[in-house]
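Provided herewith is a single structure, encoded as structure tokens, for subsequent inquiry.
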């Protein structure tokens, strides 16, 4: 058992998830990370390489952590469901289902396992990383937008049912690309990544993590459910079409 | 083969779906209805009692109708995913998945089968019945809100990809209860149903059907993607909380 | 006094306002139009060349029409406040104030004069033409967006207070340019106007008027507060920025 | 001249404005406050008792502070336009105009005076306190909703034009009542105020100020334009109407 408050981060590659974990560790938390692969040795985290789409995987994880490490004070649901732009015809049923499993169902399963525990303790925070696709659907985004639109409405339902019982749910609209060499970098190439970053068009996950930390520690009398984040240089999602 | 334009209505009990079908038949359409049970004899519709959650059921239906009856000019996706208010703890994984299958996946499957055909013809309309849960999540609505939030964002993606190819997608936010003896009536009792109706609190499916007809026949130069509908007596979903 | 139902259209150049008036006249209404200049002789309308920004102008007009012509069954507030793109520094206080007077205050004054009368009669419709600037603010749109954002929220307040008393308020988001030779044509040139129209990028005011007619005649049990309108070829305002 | 960064707070009674000023002073800022009455002696602020609705009042103030105190690094527009619930018939033209002057025009005038200066320096923050009326109009809120709806769209236009030039604009939706003895307390009585506060239904301005501080200091790569704030115990504005 840890004597520190526990944070569980679901989806912790090298972008937002990892840096949120680091920020909370710096702030005195014990961090448990769910990642695709086992963690590098030097990281001050507990790592769990589970497949969250498997039945009972998330449920068992929550149970195990609460029993072995301590009560989860903060959970971050950070699994993406972006598969790039695919036309409707190119989007398979399997992709659409996987988008939902990662984007919506996983959050439901985590919440069902964790929020009643938090409510019993009268305290806890669920931070949900979301994206522009949660508030508008673009061409080629059928799977992603359906998954994220479902995620956002689920977050509202969760907040509506659990806020008065002490659970803080927040939905963060990340409106732009994040500087992440191991995901975005692999997709567009490291040169392009650095070029975009140099132009101020990529979001720094360290900065994002600072806002997660702030929202997670807002006192009960003034809490945020939804906020957006983008770089100073970027156009907001609602701008830039014709007048 | 029918010489008339064809309308396919998915989800046609005795409420919106049935009355939309009637309105389009009155307007000269040939109507194909997907209903849970076989249709009553006297109805001027083709009825199909398929289980839309089964693999290939919707896909085969679209193929069959296009081949045997004629090109589908208008499709109405009218399947609900409302299971009444259930707390997070009472909402099962199975219910959550069924909500998604009826609320989101079925629309994706219908669209994937039908919209490319409409785009090839440069013409066609997809009308999607939706609900308040598509724009806000209430307590007890975890399954419904997730399904409808996904549905709305999917509709935006579909419109974004297919509008310029001639397909009209519209998302109708039905913000209130509909006068439907065989569904709502069975749920709350016929006396309560009539009482609410007498007070002007229930929406008349005949009136709703008229608006579906209007939207389906807007000329290309002025088309509606989203509109809301409620009774004159009802409070809109965004009102009525504290100031 | 007219034996017909009366429609009052505020802002009736040659675009939406004029065609809405024509559609309602075709449907049996007596039309009263407020235009900048006196009407052409051959039009079957009463024309009023008042300056709506003058104190009591709208109030006196409503009183006069109700007394001389008949109870106003439907009012259309169609005054624009678009002054083209101007940077914050180029936007004068005078322009900003005029934008508010035309965009927001005029609607308040019309409503204050007319809605209590409609409520006393238990019937009446107020249709408000609005624009994309009511739902998002673009660069260079400081005056227009402030005016239209105020207009939209005012419409919601009006609906909230008057719907249960029989008054139908609807807010129409016209998301695109309208084919209007005497306004848009003069601004961008007739050649450019025809070119855009040929490409399907301009909205036909006749088609828009048909939707106004439909919304104005929805029965009490299924009424629309807000809907959007754009051409089939156009991108919706929420699309087209980065993913 | 001050060697510290300067914050200008417009509308600083004893609620949000005052506590934001205190938080920034604690963080090393020099604070200039615009208040209705001259400040109490012991406060570590410069106080200005100007009438912001007077022509050139805000413009002169910005000029004076920039010349005498130093470049304004952060401005907080915190003027309310709430006059309580008044029916349309009870809302006078004068009230409606005052609502606009405080709610919308004042922000435009402040922005026009200040944002070009900030853009020239490539840095600066404008925090705008807003309310639920900016996102939905309730009965009795005609003046307030029109003013706040205009304010929100203006903020979007300002962000759209100035973000890429280094100016951070943020719109804070304060969705609930704030613990403020000298305004809300006087309106509802101190006993009622304490009762609501004890029940966790009032927002603590100290907590709100902490979030303002956070948003004002987000690095350029991850900035928030809009966020909401409410107490843990409160229902969000979009909830609580019928399903």
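A, B, C and D label the chains in the order they appear, each numbered from 1.
Rule of thumb we're sticking to: a contact is a pair of C-beta atoms (placed from the backbone, for glycine too) under 8 Å apart; a residue touches a chain by one contact, two chains touch by 3 or more.
What you see is a predicted model, and the numbers here were worked out from it, not measured in a lab.
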| item | value |
| --- | --- |
| Set of chains whose contacts include both chain D and chain C | A, B |
| Of A-C and A-D, pair with higher C-beta contact tally | A-D |
| Mean-CA-position distance for chain D and chain A (Å) | 31 |
| Where chain A and chain C are represented by their mean Cα positions, the distance between them in whole Å | 43 |
| Per-residue overlap in chain B, given as positions that touch at least 2 other chains | 133, 136-139, 141, 156, 159-160, 234-236, 238-239 |
| Arrangement of touching chains [line / ring / star / complete / other] | complete |
| Contact footprint of chain A on chain B as seen in their complex | 87-89, 91, 93, 96-97, 100, 104-105, 108-109, 111-112, 115-116, 133-134, 136-142, 145-162 |
| Residue ranges of chain B in contact with chain C within the complex | 156, 159-160, 163-164, 166, 168, 179, 200, 202-204, 207-208, 210-211, 214, 218-236, 238-239 |
| Residues of chain A defined as touching chain C within the complex | 85, 132-133, 135-139, 141, 176-177, 234-243 |
